[in-house]
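Some structures are shown below for you to check.
Common to both upcoming complexes is subunit A, partnered first by subunit B, then by subunit C.
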Partner chain A sequence: MKYSYIKPRKKTPFTPDVMLIVIFFSITIIMLLSTYFFLLFKDYSFEKERTKLLGERVVLEKNIAKMDKQISFIKEQKVLAQRVFTQNMVLKDSITNLFDLVPERITLSRAELLKNGLILYGVTPSKDVYNFMLQAPLRSIFQKSYTSFYPAGNGWLNFVSTNYIDNDESEELDSED
Partner chain B sequence: MKINISRHQIYILLLTLVLLLFVLLFSFLLLIPEGQDYRVKRKELRKATLEYNKYKEFHDKTLTTLKDLQSKNRNIITAFERPFSKERFEKQNRVNFSSLNISRIQRAKDEDGFAVYEVNTTSHISSPVNFYDFLDGLNKGDWIIGANFPIKFVREGEMIRSSFTMKVYENNADKNSTASASSAK
Partner chain C sequence: MLDKLFESLYLKVFVNIVIKEKSILVYIEIHSKKGVIDNVQSEFETLEVTEKMIDFIQGYIKESPYFYISILDNSLEQGALPTCKKNDFALYYDISSCEYKCYEKRWTYYTSKAELYTLEKKFSELGVDFIFSPFLIVENFFQDKIKGSLALYALVEENFISLAIFEESKLLYAEHIDIHTKDEDDELFLVANTNDEEDLHLDEQKDGIDLEDIDIDEDDELEDFADIEDLDSIEEIEEFEESKDIEEELLESDTVFDEPDEENFNEDYQRFIAIQSSINRFYKDERYESRFIENIYIADSVSVSSDFKKYLEEEMFFNVYIRHVEIEAELCELAKEELGL
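Up next, the complex of A and B:
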């Protein structure tokens, strides 16, 4: 006995309504999950890049410190070299001045240039020639000047001239330098 | 009034509620905190990039200064690094002297952190001009050398015998980091 003229349909829970809801939520969840994973990935890459930058910054800091040290060392070398070069030039000028100071009529046999003085040995035709031509300029340079004479064989005079700059003054000059 | 709700409708409603609850929980518990974290990390990265760029700029500037200093003072730097060679010095300066004799090199007290060696020199010159040329040559030489007091000149016939002390300055291997070891001593 039949109650209906049509064939019974198979009953399923996936009706068009359910399918619509499932599709809607599936798309929503997929979008949420992809956003979440995108954020996770970006967080990871940001962190990785930041760590890399911090590491590189430390390397740069070390390099900068090293270069600063090298720069200050080169500057120290330059300062010392300039000081030495200047000393050499001052020395050259001192010797030039010394030899320019001695007149032709006086002959030097020995000269000792000290840090704060000058000792000269030589021969002069007379005391007057020495006093006018050498003693006067020496006195203008040195604060203490002593000369002793003794006769040379040919009628000329041997002399020993010892000249010093006052220590206090030379120290002052040094400190001014 | 009687509300007729079929089982199927209840099923749809429940399903919708469960999915909605999942979406809400997921959003509030995971997605939004992660988004905030993302913004914080992006800000930190920007800050780190800015700082890195500043350091890089300063690094490049310092490097340029260093290279500039090195190129301008190459001779001085090399002179401080080069160990003093008595034979080479005599060979270079023999032209200014009729004879040149250098005594043994002795280590003196360090000056400004640099090693100092003292060298006693005796020489014969025909004219003071030779000595001036020698002093000029010292400043252009292979080493940092300063002629020092006392300087003695003694007439010996037609020649002048000069004797003086020279100070040779070198990098101090103990103190100066960029110093090279001088093995020629």
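Up next, the complex of A and C:
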């Protein structure tokens, strides 16, 4: 307003029509950009989750491998335990059989169970009682049976009976088990 | 910053409106960064803002949002004061109801607020960006002369004369005269200073003018000048004639003249009377520094007759230089200056 009495009206290229177009386009661009950034963010978060899950997978795979090992170990142990149980059952049966074998008149003072044999210590009223009542069943079980007697104080006899199964047979028995 | 960028991208359209006696002249100039691309003008034989005019203008202003509509102020109550100090305004004119502006801290131009408002209202459909005082055109048009010695500068329009006396860029006196309505005032002024016989002569002039009247009248008027300044100094005029510049001006002015006809003659005589009485006021009013005027420069927008020049030369002993002016183009220049182009 150097010379003129009045101030000029403000001039702007933004007429209502231009403003409408500008607003329309800016809203469109803003929406497109926001969608773009939203997708970028989603992509980023998915990627992050993926790496996290991959890490977890590796850990889980490791755990699975560890557990597999444990399972196979436990299975082995189970097999072993079953074998021990079976053997114990067999042993228990054989001991029960052994004690059933011993007649009432003979008294055992000690018994030694060996891998392939049995050693019995005891007293018997006479050699005959022993030979008929204990020697016969023992011989049916063991291939080799040796008995030695020595007198006890009251007229009875102490005896030591050593019985062995042949090695070949015992091996066969083992392999059968 | 952004505004400047947009501004440089668009064309600028200058719409310049000059309200004449019976018509409105619209001059449009289209500017790019490099300069004027196109200009066009149209004159509408009406004083109202018509649909046709609005359509014509809007056809051009639609091209760019940067369009500026300038109007030359045609209000009756306008003028210029030889000071920029607010305290001194009252000495010359009561401008309490006026809008005013100081020109380069040298002088002030003013106009009635009510008339500005009326003008803005009249063009409200188009809107107005600039309203310029005709005194600005005088100052701009005679920029090269105003710096020189004392002279009278006048912008002659169909209805008005804007008259200013400058000495070395300093405004001494200014007046805006309506040549049709000012007559009565002039007569009153003359009545106060002359005898009854002169009054009678002037009354006759109102109805019709003939050369006899003029001669009688002007002879008497000249006596007034003799009282103020020594007319013997007219010899000095010869010095001016030697100057090439002046010769050129005279040649130019000769080409401008139309063949005189009855109507032009009448109007030119009224103009002459208006200038004469205005100069009388300048000489007689004690508020102004009374100095003898030798040169008168006229910016002529209406193609005044050679008689007009003759009156001024013969009756008032002025060296008269007439330059043709395209007011609408000058208005456009002012608008460009205002925008700093």
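The definition used in the following text is that the second predicted complex is superposed on the first by the 89 of 177 C-alpha atoms of A that agree within 3 Å, B and C clash if a C-alpha of one lies under 4 Å from a C-alpha of the other, contacts with A are read in each partner's own complex, and residues count from 1 in each chain.
By definition in this document, a contact is a pair of C-beta atoms (placed from the backbone, for glycine too) under 8 Å apart; a residue touches a chain by one contact, two chains touch by 3 or more.
Model, not experiment: these values are computed from the prediction.
Peer 1: Applying the touch criterion given at the start, work out whether A:35 contacts subunit B, subunit C, both or neither, answering first, second, both or neither.
Peer 2: In the superposition, A:35 touches subunit B alone.
Peer 1: Per the contact definition in the header, classify A:61: touching subunit B only (first), subunit C only (second), both, or neither.
Peer 2: The answer is first: A:61 touches subunit B but not subunit C.
Peer 1: Go through the superposed model and pick first if A:150 touches only subunit B, second if only subunit C, both, or neither.
Peer 2: In the superposed model, A:150 contacts neither subunit B nor subunit C.
Peer 1: Figure out whether A:3 sits in contact with subunit B (first) or subunit C (second), or with both, or with neither.
Peer 2: In the superposition, A:3 touches subunit C alone.
Peer 1: With the two complexes superposed on chain A, say which partner A:12 touches: subunit B (first), subunit C (second), both, or neither.
Peer 2: A:12 sits against subunit C, while subunit B stays out of touch.
Peer 1: Indicate the residue numbers of subunit A shared between its subunit B interface and its subunit C interface, in ascending order.
Peer 2: Of subunit A, residues 13, 15 contact subunit B in one complex and subunit C in the other.
Peer 1: Can you name the residues of subunit A that touch subunit B in the complex?
Peer 2: 13, 15, 17-18, 21-22, 25, 28-29, 32, 35-36, 39-40, 42-43, 46-47, 49-50, 53-54, 56-57, 60-61, 63-64, 67-71, 73-81, 84-85, 87-89, 91-92, 95-96, 99, 108-115
Peer 1: Which residues, counting only subunit B, touch subunit A once they are in their complex?
Peer 2: Residues of subunit B touching subunit A: 8, 11-12, 15-16, 19-20, 22-23, 26-27, 30-31, 34-35, 37-38, 41-42, 44-45, 48-49, 51-52, 55-56, 58-59, 62-63, 65-66, 69-70, 73, 76-77, 79-80, 111-114, 128, 131-132, 135-136, 138-139, 144-147, 149-155, 167, 169, 171, 176-178.
Peer 1: Can you list the subunit C residues touching subunit A in their complex?
Peer 2: Contacts found on subunit C: 3, 6-7, 9-10, 65-68, 70, 73, 99, 101, 103, 111, 116, 120, 127-133, 136, 334, 337-338.
Peer 1: Where on subunit A does subunit C make contact in their complex?
Peer 2: 1-6, 8-9, 11-15
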